[in-house]
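In the part that follows, the structures are each spelled out as structure tokens.
Below, chain A partners chain B and then partners chain C, in two separate complexes.
On to the complex of A and B.
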């Protein structure tokens, strides 16, 4: 295996780890579709930031994306909570609207900037290894890889430090609010992380694989785990496995790397579903066999 | 006719409280004060604003008009002394967690944002589980609990907060008779230790056995006072409208000097 392959797998694994950690919270909040929405809705922010800064430098582009991601979250939340629209309708409307703005902007500025929708949706992970960072003419590996390492440090730091707050607002928001914890703050903090991860990942792997990682990895891990921490670790592990197997699948069929990794994520899910239905791993809820509490009075 | 009894040194004061959802008032201009060290029932028909009242007291929903004082202070100042037990059905019990994880959430209430649990916290978690008869279930998946056990876990979480005032939203809804009995026993014990318990409840038959004080709500406040004064046929009819068969039965029951009766 050449070093290019290792860098591609490592980069995809980093995307998977970021998405798996944040996606585990999203799935328990029944908000996975919000990640899908954000991954598309960041497009106008990227285009505008790109146009203003005139470069594909990560910092302005990430900032633009984070802003439009949070804007999308705000739009969806407002439509759902304040305007009493159905959540799925709010999400569907908001992200197609914002994505379409991005598409129009790209086609309008098309000749001036080097950016297209295909790149946003499908990424170009096969070329990751070509864009290397050099310090004093010594290559230290692909630029994307190091950007995602920073992303992972941010995500892990955020979740590690504020784990209790995030779990509490996810599991029981009313109780969290009764303790004086701001549900809205933690929602937007989480969505800010999702926006950041999406935009730092999209260039490498594209929005489709990002969404596949956000939704598929936690859903699979949920079937296999007993507690939430364990679920996050399993999701990350599944992501690394999908990156490795996906790479070789792509090499074997000589096809899209991001596509093959998404396929592996899907296969992992159905295998886990079969395994959990056979009852080998996760103890399924069974209300009939529950032991009655020991009480003096009964 | 309507009884709204004010108390001195109240544990809780509610002033002109109004909460409007979607242009519909859920509670309207509610004013009352509650005494310390009692078990207080919040009662009223479906949709009369009982849960909303608790949420507004805790600041979980914002009041449109009015204000609340707890221990003569703003709720923000005294959150550590107040514990809220939401409706059991309001959370997803398929969340991958163990019983002790949920109870431990009560300990984070008193902690800073970055803190971790220490040995004392873990001891309090075990002790709280013991009080609700669930100590053997500490490591159980919450997805495997029955309705009554879920309710006990929620109460254990509230106990772990070591609060002075407890607000419980329908702790008796959908639980088995033995759980209901052990919960009311626990509430009595807590009251005897000087705690104040405010409990949203549905069942008129058991109310006079369970509560010292009753707040009757029907979007507006109908009555607030000692249970014997509030449970008269006229006042109950005002709160519940004209479902008189039940009401006259309850009134009869009370006339017979709290003839003990269990439902179910």
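On to the complex of A and C.
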């Protein structure tokens, strides 16, 4: 195995870890589709930032993506709350609208920019190893890898420091509110983390794998655990496994790395589902302890 | 940017045979999707279209790998199989595990799409010569539609439309209350299967034209936009189909007129703009209508409260007829600016007259004020007499309801209470 492969697997594992931690909160809040919507809706922001800055440098592109991610969240909230549209419809409408604008912008700027709509959807993780960061001419590894390390530090720090508040607002918002914890604030803080992760992971793995990690890893871990902390750790572990196996699957069939990793995520899920159905692999088959989200609405 | 009239004219007169193909293809596709979308929307399962659209990709790739050719019919079969499998799996996961519906949707969608991308890149890397164009399924190429594909759209469109008309009643009941539909004997499990087959058919055939990501918009957006205009299913369907058809044709026209513009995204943008317009300006349910309705109501309440205050002032100070701002404001729970705007409105409607810094009640206003006080006191009496609420508890309720009581209800109250003289607080009821 060459160093390129190790970097690719390491980068994917970082994305997986970020997404697994935040995704665990999302699936308990029934908000997974919001991550899906954000991951599609960032396209126009990326295109405009790319066109203005004229480069693919991460900072402006990420800023543009973050702005349109927030715009998508805002649009969904407005359609649902102010205009009384069904939530599923407002999610579907918002992200298709923003994605369509992104595709049109790409066509409009045409040859001026070297940007592919494909890479937004399934990323270019195979090229991660080519774009290295150099300090004093000494290569310290891919740029994308270090960006994701910073992302992971932020996510872990955020969840570690505010774990109690996040868990309380997720599982028992009424009780949290009675203690004077702002539900809205922690909702937006969480969504901010989701946007950041989506945006920073994008370049590497594309929208589809991000969503696969956000939804698939916590869902699988949810089936295998009966304690929220345990669930987060299992989800991260599953993500690392999926990154490794996915890389080799891709190499084997000679196909897209991101695609292969999401296939592995799916296999992991269905194996876990079968195992939990057969009832042999429950760590503690105590139904009272099974996590039950009490949050009814997003 | 100049409007390319020449190209638009060309498009709408079908001067090129290719335009005609695209026109009919897009028209059929977008209107039939809108029709099916109405039911997925009403069942609050709009995002199922998104799942299917992403999940047809591995089917298309597999069909191509097996047959090694790009026959639209074979690809459709492959697409249909994985599309339907995805719907089945989402339902299975939701019903047989503790995973919630939204997570199941996101999971299946990304896993199937990932599998599709894996297979497509595999096909690309193995360098099969005839694969060119397979990746157009991801983003869609409506402008490159061929006559045989349009024929397929037409056939599917006809099948779907007939199926919808045949099962309309069943879908209708099922959309609103599934348990009720079961109770009155509709074969709900079958209807569910038929609806999902219809949805898969239309999505699988549409993906090639508008692409994986945007296909779901063709289902969701027309119904969501139409919902702002009506409460009746029949109208909902017609409006949604019209929205779908109009934006399909407009999107195709725009992409034809501006060189290099993609069709699918423009259809979606036109659709979304229609939806935003509906959300803002639709009568009754639009934001503007609700806002102006609210404003009308709050103005009405403001004016009625001021008139009532004048009535009380005239009762307590019968010696004078004009009152100053301070006197009027003294017992009203209002800000001065609010009071002033209310007074201005009342003067404009000739219910008050203003002399300097004083205001006088006019005869029209006095009649109205008496009516409001009458409503208030009759309601207080009604509450204490018929609902046995204590006299000191009835005021707050009456304070709210006095603005809502219609002349008909007022008349009924008068008859019911036999034109009483006084309210529970022994104050005279003005007639």
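Keep in mind that, in the parts below, the second predicted complex is superposed on the first by the 280 of 298 C-alpha atoms of A that agree within 3 Å, B and C clash if a C-alpha of one lies under 4 Å from a C-alpha of the other, contacts with A are read in each partner's own complex, and residues count from 1 in each chain.
Note that a residue touches a chain if its C-beta (ideal position, glycine included) is under 8 Å from a C-beta of that chain, and two chains touch if they have at least 3 such contacts.
The structure presented is a predicted model; accordingly, all values stated were derived computationally and were not measured.
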Touched partner set for A:231, first chain B, second chain C, both or neither: first
Which of chain B and chain C A:164 touches, first, second, both or neither: first
Touched partner set for A:99, first chain B, second chain C, both or neither: second
Partner chain in contact with A:178 - chain B first, chain C second, else both or neither: first
Which of chain B and chain C A:145 touches, first, second, both or neither: neither
Partner chain(s) touched by A:35 [first = chain B, second = chain C, both, neither]: second
Partner chain in contact with A:222 - chain B first, chain C second, else both or neither: both
Contacts of A:253 with chain B and chain C, given as first, second, both or neither: second
Between chain B and chain C, more extensive residue contact with chain A: C
Touching partner for A:25 - first (chain B), second (chain C), both, neither: neither
Intersection of chain A interface sets (partners chain B, chain C): 84, 222, 290
Sites on chain A touched by chain C in the complex: 27, 30-33, 35-36, 40, 79, 82-86, 88-93, 96-97, 99-101, 103-104, 107-108, 110, 117-118, 121-122, 208-209, 211-212, 214-216, 218-219, 222-223, 249-250, 253-256, 258-263, 265-266, 269, 273, 276-277, 290
Chain A to chain B touching residues, read off their complex: 28, 84, 161-162, 164-165, 167-168, 170-172, 174-175, 177-180, 222, 225-228, 230-231, 283-287, 290-291, 293-295, 297-298
Of chain B, residues touching chain A in the complex: 22, 55, 58-60, 76, 79, 82-84, 86, 90-92, 94-98, 101-102, 105, 108-109, 113-114, 133-134, 136-137, 141, 143-146, 148-149, 152, 157, 178-179, 181-182, 185
Touching residues on chain C, where the partner in the complex is chain A: 41, 44-47, 49-50, 54, 93, 96-100, 102-122, 125-126, 135, 138-139, 213-214, 216-217, 220-221, 223-224, 227-228, 260-262, 264-266, 268-269, 272, 275, 279, 285, 287
